[in-house]
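Two complexes follow with chain A in common, the first pairing it with chain B and the second with chain C.
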Partner chain A sequence: MKEELELREKARDLLEKGDVICVIGYGAGSTPFKTTPVFIEKAEDVDKLVWNPACVNNLAVYLRDACSKGRTAVVVKPCDAKSVVELIREKQIKREDVVVIAVRCPGMLNEDALKGFDTTDIKSVEWRDNKIVVKTSDGETEIPAQDALLNKCLTCDLTKSPIVDIQIGEPFERQPVKSEYADLEEIEKLTPEERRAYWARQFARCIRCYACRAVCPGCYCKECFVEKPCQLWVMKATDTESNWFFHVTRAMHTAGRCIACGECERACPMGLPLMKLNAKLRKEVAEMFREEPGRDPEALPTLGKFDMKNDPDPCGE
Partner chain B sequence: MEPKVILKENLSSWLEALVSNYEVIAPVTEDGVLVFRPVLKLSEMTIEGTSGPAKSLREHFTPQTETLFHYKLYDQSADVAPPELEIRDRVIFGARACDAAALLYVDAVYSNVEPIDVQYFERRKHTHIIGLFCDKPAWSCFCTEVGDFLEKPAGMDVYLTDLGDRYYVEPLTQKGEELVALAKTQPANENDLSLVNETRRKALERLPKRANHEESCIAYDWDHPVFVELAKKCLSCGVCAFTCPTCHCFDIEECPRGSKGSRYRCWDTCQFEKFTLTGAGHNPRETRKERTRQRIFHKFKYSKERYGMLGCVGCGRCIANCPVNIDIRDVIKELERRR
Partner chain C sequence: MVAKTDAQSEQDDNVKETPAAWEPKIIGFLCNWCTYAGADLAGSSRLKYPPNIRVVRVPCSGRINPQLILKAFERGFDGVLVSGCHPGDCHYSKGNYYARRRIMLLGRMLEYMGIERERFHFDWISAAEGQKFAEVVARFTEQVRKVGPFKGVALRQPVQDAGSKESTESP
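The block that comes next holds the complex of A and B.
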């Protein structure tokens, strides 16, 4: 694919010139509908880089570690770039330590779209415009975007990456087919008792593997509140209350910072609808602070500033 | 023990009979996720068209959180009470061959320790397993690479194979005969047998060939560069361990509430940084390199050395669930390539 070759050339260039010590990108996964993060440190390894509908991971999660060792290039989709913006404005990485390689993104594959397939027989998964074409030994199947792409891709309005040093391919013209908050409606319609029962059932399933936290570029505390030793207010025990406490606190900690990459929900093996928590908080932030995190690297963090003059909801004098 | 067949139209009444005699645990779809749950009727279950539940059977033998004892403190003394342990006779319906085989490994782990883990063995004793042949293995499945239990089931009492309008029913133990006797069955005929063989052949074609990891794992290289590579991408979550049917490590914690409280154990994993953190601050498995190595070495080399068997049944959950696509098959291939 054109973008893939161009990506490799740029990566080779960066490494040969010594502009960066590492290019973090996507490599071929162990099946055609998966990719795996790769850390390219030598120009001769750039052919390991791939670009296809399985490049779902948000690689910004690796930047804090990587940039502390030296200038790093990272391959992003426009949505992932919002995480890079957040890391910069939260002063977790320096702008000059990262080279953002944004690649044309027609949307990423939702693995659920493969449910009807024999997954041992998938030969390739490719884009055709923003549709996904799955090839098996029986031939090819074209899946329309609506059924094939991740939810976040259906709500995405980001044509251009909010931060970019190298653009690969023409940015893909994005038009959201649904609102990010659409899935909230059914929950908001419930009575408080029904809502409580809904979330209790979800949190009861949690196995506290912390995959949600591990994949989150915004979850970078050295010691997570949930793992502080000898505390008595949230237990290591997986009872519904402690699980609940963990998820709600984590959601609150990422409020105003969550850029809705959806990685937490994707990583969850137990199908917890974590993006519903995040979407709710993002909606609140959008309404109260009139901004969306991840759009402007120059701006102060949403909850890290105090603007008395333009407070839309003043209290006191 | 003679194989039988049960028509699918008679499955419901079999389940009713089982439910009136046992607690029945079976795969259930909850909010789109397949989980093992107690069921009362067939319509609650999802047994066809899947490649198995998201989690293994582990929680049904060692619950993720389990009270060890309750206590009450006085000035100079304490009352200690064991937990209530009421275990009914249970049937796990629709367990996969990998999950059943995994129980034999966990048995070996618990069998070699004193004092005897009463809670584990009580649950084992009271649990009977009706297994289901996997006719739709997933891309991540590799049970046939590490064992032959898909064809020669281990750790179960009855083995079912879906033949379309009926199940081929193989009682494997005396208990299995008893369970099958509760169903309206008929003897299997030649036609059923050839259909079973065909179903199995088709599934096996989609699965890898047997490898001799038992022999090669002994020589796995402690300093192999594959772990340096894994450490770069591994995010140190516990999804591999907590969905694994053979992982069994736990932590012991306390829940004090004033002068009383309880001590409990809950799952823990070598993938978490704090798993080996000592009170003095030293951590023998400080980086992800040591932690990823521990998991692989434990599953293969250490298990073979300690229990004479592999600690991996090839269920593929760690592969399917890893958010960064770390594939244990590729890791062991790498370890065995550069010996």
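The block that comes next holds the complex of A and C.
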């Protein structure tokens, strides 16, 4: 593919010139519809880099570690670039320590779309215009974007990456198919008791593996509140109450910072609807404080500032 | 309203199922400089207010970590009251402005999690407003009493709800 070759060229260039010590990108995964993060440190390894509809991971999660060792290049989709902006905004990395390689992104594959296929027989998954093409030994199948892409891609309105050093391919013209907050309505319309039951059922399943925390580019505390030995915020056992507390607190900690990359929900082995927590907070932050994280690396954090006159007041509500 | 000893309140916890004997258990996070002094004034002015509130004194409303409020509900409090200095009056000049953003956001989140709006109250009460403190506590206690006992975030009793349509439910 055109972008893939161009990406390798640029990566080789960066490494040969010594501009960066590492290029974080996507490598081929165990199947044609999976990728795995790769860390390229030698120019001769750049051919490991791939670019296809399976590049779902948000690689910004590795930047703090990588940038502490030296200047690093990272391959991003426009949405992941928002995480890079957040990391700079929160002074976790320096702007000059990162080279952002933004690649044309027509949307990423939702693996559920492959349910009808014999997955062992899939040869490749590619983009064609607005569709995803799955090649098997029986030929090609085109899946329209609406059925093939991740939820976050259907709600994405980001054509241009908010931060970019090297652009690969023309930015893809985006039209959101639905609102990010559309899924919240089904919960918001329930009665409080039904809502509580809904969340209790979800959190009862959590095994507290902390995969959601590990993939989150915003969760970088050296010591997380759940691991503080002398403060029993949550029990070690995975009872529903502790799980509830963990998830709601984690959501609050990312309030005003979450860029909705959806990694927590994707990484969750129990399939908890974690983005429904984050999307709610994003909606309220947008409504109450007119803020959207991931756009401006200079802005103060949403909950680290205030607006004396315009902030909603409890006595005004 | 009859004042209750702690032992009696403890007993009440065990008989939550019998609404007749149930008394709302409320925790209040009050800022040291305004609302706590306001509560003190209410006391020294011999104003009556319901004994259902347990007061936690914090240095500033900006000190109120949302986790404290979440924890209170997780442990089964029926209501949480948060109060501090009026905007512009913060002892530390702007702690309450930060608190306002945080607590307003948390309030919306609590509602979304299925904790009734009536169980959470956030208000400004100054050191001179002993009367207001007594009124707010009385009003809030009645409000919580009306919603009834809080069954906890895990909601151990099964409840029929529309969420069963969710695609993300476990198989």
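By definition in this document, the second predicted complex is superposed on the first by the 303 of 317 C-alpha atoms of A that agree within 3 Å, B and C clash if a C-alpha of one lies under 4 Å from a C-alpha of the other, contacts with A are read in each partner's own complex, and residues count from 1 in each chain.
Just so we're on the same page, a residue touches a chain if its C-beta (ideal position, glycine included) is under 8 Å from a C-beta of that chain, and two chains touch if they have at least 3 such contacts.
Remember, it's a predicted structure, so these values are computed and weren't measured experimentally.
Applying the stated contact rule after C-alpha superposition, one finds that A:Asp239 touches each of chain B and chain C.
Partner contacting the larger number of chain A residues, of chain B and chain C: C. Contacts of A:Thr31 after superposition on the shared chain: chain B is touched, whereas chain C is not. Of the two partner chains placed around the shared chain by superposition, chain C is the only one that A:Ala255 touches, whereas chain B remains out of contact.
In the superposition on chain A, contact of A:Glu263 is made with chain B only, not with chain C. Once chain A of one complex is fitted onto chain A of the other, the partner contacts of A:Gly271 extend to both chain B and chain C. Of the two partner chains placed around the shared chain by superposition, chain B is the only one that A:Thr120 touches, whereas chain C remains out of contact. With both structures placed on the common chain, the touch criterion links A:Val215 to chain B but leaves chain C unconnected.
With both structures placed on the common chain, the touch criterion links A:Leu281 to chain C but leaves chain B unconnected. By the touch criterion defined above, A:Trp199 lies against chain C but remains apart from chain B after alignment on the C-alpha atoms of chain A. Shared contact residues on chain A (touching chain B in one structure, chain C in the other): 201-202, 205, 239, 270-271, 273.
Residues of chain A that touch chain B in their complex: 29-31, 34-39, 57, 61-62, 118-122, 201-202, 205, 207-211, 213-215, 227, 232, 235-239, 263, 266-267, 269-271, 273. Here chain A touches chain C in the complex through residues 184, 186-188, 190, 192-205, 225, 233, 239-242, 244-245, 248-249, 251-252, 255-256, 270-273, 280-281, 284-285, 288-289, 302-304, 306, 308, 311-315, going by the rule given at the top.
If you check the complex, the residues on chain B that touch chain A are 30-33, 35, 51, 54-55, 64-65, 136-141, 206-207, 232-233, 235-239, 241-243, 251, 253, 255-256, 264, 266-267, 272, 274, 317, 319, 321, 323-327, 329-330. Within the complex, the chain C residues that touch chain A are 66-67, 70-71, 74, 87-88, 94, 97-98, 100-109, 111-117, 122-124, 151-155, 158-159, 161-163, 165-166, 168-170.
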